[in-house]
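After this come two complexes, each holding subunit A, first together with subunit B and then together with subunit C.
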Partner chain A sequence: MKAVGARLPRYDGVAHVTGRSTFVDDVRIPGTLAVKALRSPVDHGRITGLDTTKAESMSGVHAVVTHKDVPLNSYGHLSALGIPADEPLLAEEDVRYKGQPIAAVAAEDEETALAAIEAIQLDLEERPALFDMRKAADPDAPVIHQWGNWYPHFEAGFDRRQIRKGDVDAAFDAADLIVSGVYRPAAIEQCPLETQTGLAVPEPNGRLTIYSCTQALYFSMGVVAAHLQWPLNKLKFVGGTVGGGFGGKVDTATETICALLALKSGRPAKWRWTREEEFLCSSTRAAWHIEITDAVSKDGWILGRKTLTLHDAGAYARFSPYGVTKHSFHHTGAYSIPNLFFDGYCIFTNRSPTSAMRGYGVTSVSFATEMHVSRVAAVLGIDPFELRLKNANRIGDTSPNWVTYTDPSTVPTIQAIAEAIGHELPAEYRTATRDQREGAWLPEHLVAQLGSVEAH
Partner chain B sequence: MKLNVNGREHEVESAPLTPLLDVLREELTLTSPKAGCLQGGCGACTVLVDGQPVRSCLLPVAALNGAEVTTLEGIGTPERLAPVQAAFYEQYGSQCGFCTPGILLATHALLERNPKPDRADIEAALSGHVCRCTGYVKILASVEAAAGKEAT
Partner chain C sequence: MAKHKGRGVSAIEYPTGMNQNGDPSQAWIKIKPDGRVDVFSGTSDIGNGSKTIQSQIVAETLGVPYDWITYDNSNTDSSPVCTGTFASRATFVAGNAVLKAAKQARERLLDIAAKELEIDPADLDVVDGEVVAKGAPQKKISVPDVAAAATWTYGELITGTGAQLNPYAAIVEPDTGRVDLPPHAAISYAACAAEVEVDDETGEVRVERLWQCFDVGKAINPTLVEGQIEGGALMGLGLAVLEECYPYYPSVEHRGSEFGSYLAPGIEGLPEVNTIIIENPSADGPYGAKGISEMANNPQPPAIAAAVYDAIGVWVTELPVTPERVLRALEQKREPRREGRAVIFDEELSVNTVAAEDSRFRYEIPV
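Up next is the complex of A and B:
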């Protein structure tokens, strides 16, 4: 245990404070071309015409790519798990969010690249757009995605992430009180200081070297290889120096288009997004709509919970089903609720596709759960600390998806918070432990949810 | 035109209205000033002109004839860290490192004009610098540690 409690120097600390850390934008390769993209000017529309002839013939323009140049244009972020792809790398017929890439140009400098983008002839037929998940989930809403307005490919053909645990009807029959609440965490742009940046360099041996600011290097490598239909051993990825990510650099944003332009032009191609592009069309954290209804007893036990979650995937699925799955596994937060009915939907809207940000899918439901537990305490007139300690996860309790907790920290955490703010707890709560339930800590309704600690 | 950067005279060939940031990064290959927003909003491109912090993304190089420009490369080296660099290194004031060059130069300029800044002085000097990683607590601690080093 040499590291715990020690002030260890950062391995990259001296490079950072002397300005010598090499971010992607700091890599210097002679002959590098500047990349710019033609992006959808509308939130939803159908492309009726796309002509790049004039841009291709401009002086200083070395390559223009559209969907026709991509060996495998649609490759989903969950394709490796066998889930069909819904998102084209470069739009073909439909555009589903403002800023969606349609074509890209590599030119001598940014000015020439921007002039070439201006010279591309794009004809669009605009269509009605949806921005509110609740409207998109309405049966009368216009259909904005080829799979319908919500993701239909959860396991066994389910159109939602569903959890059923215990006997929720019996819990609601037995309840003294029913407490409901709606919680709506908003979308957030991760906003790293370094915008999305990629650089693809064609090598004399036929391979490509790709400098990437990604948070997920091997994942991005797989995505590029799939779009190019190349074996992985023709790609060399250089990364690890990331100018902030916070989840916003998990989705592969620049690497594949740089690779296509580098291959077509035979020159290194670098794409550095502007701050405006970062806000307009990089992935954000999703907006969520979470409805919780708890069955509670007068003395502060949460007997059962019904939850409906709508997750705003934006225009395409990407990792959203994974985020909803994590959300479902954590939807009781730090508390043991034995009887559960959970439905979570991945709703498509015409917003920028959403992705990870600091606890993908979990922070939203932690916010909702903590707000709701406080609401239950207020309705019952019980100290919220005591209500939390009563229902807190203990060793041997099980999660919504039947994982047995062997190291839960809820009890000591809540006790530490109470002590830190000078909140007096009655002796039974002050001395409560996280040990396996027994006696007064093991009421009848929590018996059936207990798991086997020995199995772990 | 002539530009003095980190004590060296350069004959600059970029067009007169080229932002100083591009001259430094692309023509002179000094890559410590960063392009964060190119709108003067984030502070990542900050360099010193005659000792004063400026946003190099908004400043045309033509405005700088005869001026002395200092980038982070000019205040210390890995073998010989400047006091502000040592303090940020020791106090973990840099996380991803992208905003660090601008913040270090703004701190360096602050301590040159005010060797004993209080917390309000430090916050005012760094108010135009965005950091998304640290939450600023360790940055403030680093500046205070640097002020202590300057005094000794």
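Up next is the complex of A and C:
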């Protein structure tokens, strides 16, 4: 019996589709309190007053927390990579997106918790907001982030991610045609069936057990431990079975606030986001703005490319610098383009912070690059399959930052699709392989970019 | 007014594992006195099927039936580090961790079996739950008997631990983006064709058929990898023609707050999806596998938008390709500006039009 390669049923598939799997909201601990949050009603504002005394004195309310209750209020998601923190767990001086959490309440039930939220006195001075990334560097743009309107902490103090390869000016001088276009994939919501849900339970031995829907148990445990300034052995995360995430449950949305409320009240605290909170307050896939200009020859070689990418990070950095870097490494898609000039900015706007979603950083590349290649083919009057096969990356070619491709399958996958839909290819394209370039597949402009296959 | 058919194609690549790596996964295994196997991994299963895939890898590597495996990823007290289920890493990175743990447990198992059979462990193999002598299959002992001997005769616990860590690839030249090591665990590849029908009266784009070819390295479980690819196609369809948090982006007005006001794909709009899997094994992946889970929603949007151009002759480069955008594009029939050698599309969207004169985002297009 072979296990690898077998069409075995999903480990927990029957339990899932018969409603018998246990997700966080299915966990019932006696004495559990319900959590609700006070969220920013404005896109951008300064907090001038926050008074929780009335809420705290209400019957059935067991704990209220604000930023003053958090041992380390700002903790960077990417601090391990040297990226500093910019986002408070609970807002302190200002709010930068509608829905940003300011305070949270644990009460006997959700109705009481909501009434307590209503009773919190919040005074705000609304400020002008920035929404259009393209205007982030305009002289009259409001400055909405303590670091400026775009992320300034790439390596060596760079305020953008750069890729430079080959001689891009020579490529544009040599081009027969120059094709430019703009591509704008939208922000979208991950839409997991299970909304963000967390439950923190104080244990008799002083530990906290945290039931979590995180996609990353140890990552989220690290985030909670950092905010609480606790060692890992005082925390136990329970999870591993998640009702859909698609990237939206890499951010640690509920766990730390549940932990703070559980510790303050001495009772288990559960926070289950409503569908409305999931749509309006959770992180989304980012909107991207990508401008591509290609230098091409009349017979369909892409000689060089200039790219400007603006990434809509929303109000805080979260994983966005990582997404922009990943985007830059892959910005030529499945093609070998030897001469490159890429600038990518991670722009702050007054919308929900954007973060991971399926295909992070590269879904935008796939759309922009493929649309652009289709356009180049249309402008030149060349079959779009042939143009792709011609420029496809092959074994021994190098990526935008000089990493050698060891096993690219661009050529065979395109050929398989052509065959599947009955698109006839000329013999030279039908018999092309992914093997190292030689002969007609190794034109002069692709010689200098070749890497060493043996090195890997 | 008429309906127009069109076809478009795309080709994509996508990395396995966190960009720049540095993302460990660990696992450990213990064998019960009756030979049944407990696997402890910290990998969250978000519907991607990693409980199944990792159990299959352990069963194959140990040489025992799949249904002997119990997989526990339920808590951080018993399970070791897994950086997380993202970056298409659960099969490749976490899968390599359980593979290494299973190899180590298999070695311990063979050590005990060697004592029982009085045969050198190098001359033993595990097949279908039995330890057999290579070339002399009549000399054998069942894995349950080996586990029992370990427990009751030798006073030992058969375990294995494993960890996978691709070292962090640092950017050594921030001006060019050069890295000192490959910044990914592997790269996967795919191509896609889309066939659409566009109604030039209503602007509606109906995606009728998708063909998708993915190089998965090795399909550990063909049913699950097909599920990833077909599920991804549906998400790609949403990206292409339906979904947007901000319908009038960059404005934040009219943001949908429920499924009734945020359009996500449903079964009713499902096109015919044809999936082709090819297997060019990865040198470093478990049994040659690569991660394809995220990229499964990447190839459809550009293939669909190119098919719309093929159908009605206009490029819609802002996603999603809604009826409103299709109708506006048909009404405006924008032509690119041509100057010298340059063909300049979408000038109305460009920073060169929208940003202030002295914005640092503006740039020159060579002509």
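Methods note: the second predicted complex is superposed on the first by the 448 of 456 C-alpha atoms of A that agree within 3 Å, B and C clash if a C-alpha of one lies under 4 Å from a C-alpha of the other, contacts with A are read in each partner's own complex, and residues count from 1 in each chain.
Going forward, a contact is a pair of C-beta atoms (placed from the backbone, for glycine too) under 8 Å apart; a residue touches a chain by one contact, two chains touch by 3 or more.
Fair warning: this is a prediction, and the values are worked out from it, not measured in the lab.
K.L.:
If you stack the two complexes on chain A, which partner ends up touching A:94: first (subunit B), second (subunit C), both, or neither?
P.N.:
neither
K.L.:
After the superposition on A, what does A:191 contact: first (subunit B), second (subunit C), both or neither?
P.N.:
A:191 contacts both subunit B and subunit C.
K.L.:
In the superposed arrangement, which partner chain does A:108 touch: subunit B (first), subunit C (second), both, or neither?
P.N.:
neither
K.L.:
After lining up the shared chain so the two structures overlap, which partner does A:23 touch, if you call subunit B first and subunit C second: first, second, both or neither?
P.N.:
A:23 sits against subunit B, while subunit C stays out of touch.
K.L.:
Taking the superposition on A as described, I'd like to know which of subunit B and subunit C A:272 touches: first, second, both or neither.
P.N.:
It touches subunit B, and subunit C stays clear.
K.L.:
Check the contacts made with subunit A and report whether subunit B or subunit C touches more of its residues.
P.N.:
Between subunit B and subunit C, the winner on subunit A residue contacts is C.
K.L.:
Of the partners subunit B and subunit C, which touch A:137 in the superposed model: first, second, both, neither?
P.N.:
Touch partner of A:137: subunit C, not subunit B.
K.L.:
What is the contact status of A:56 with respect to subunit B (first) and subunit C (second): first, second, both, or neither?
P.N.:
neither
K.L.:
Touch test for A:242: subunit B only (first), subunit C only (second), both, or neither?
P.N.:
Both partners, subunit B and subunit C.
K.L.:
What is the contact status of A:177 with respect to subunit B (first) and subunit C (second): first, second, both, or neither?
P.N.:
Touch partner of A:177: subunit C, not subunit B.
K.L.:
Under the contact rule defined above, give the subunit A residues that sit at the interface with subunit B and also at the interface with subunit C.
P.N.:
9-10, 12, 191, 241-246, 275
K.L.:
What does subunit A use to touch subunit B in their complex?
P.N.:
Subunit A reaches subunit B through residues 9-10, 12-23, 25-26, 28, 190-195, 241-246, 272, 274-275.
K.L.:
Please output the residues of subunit B touching subunit A within their complex, sorted ascending.
P.N.:
Checking each residue of subunit B against subunit A gives 25, 29, 31-39, 41-42, 44, 71-73, 76-78, 81, 85-86, 88-89, 92, 94, 96-101, 104, 130-133.
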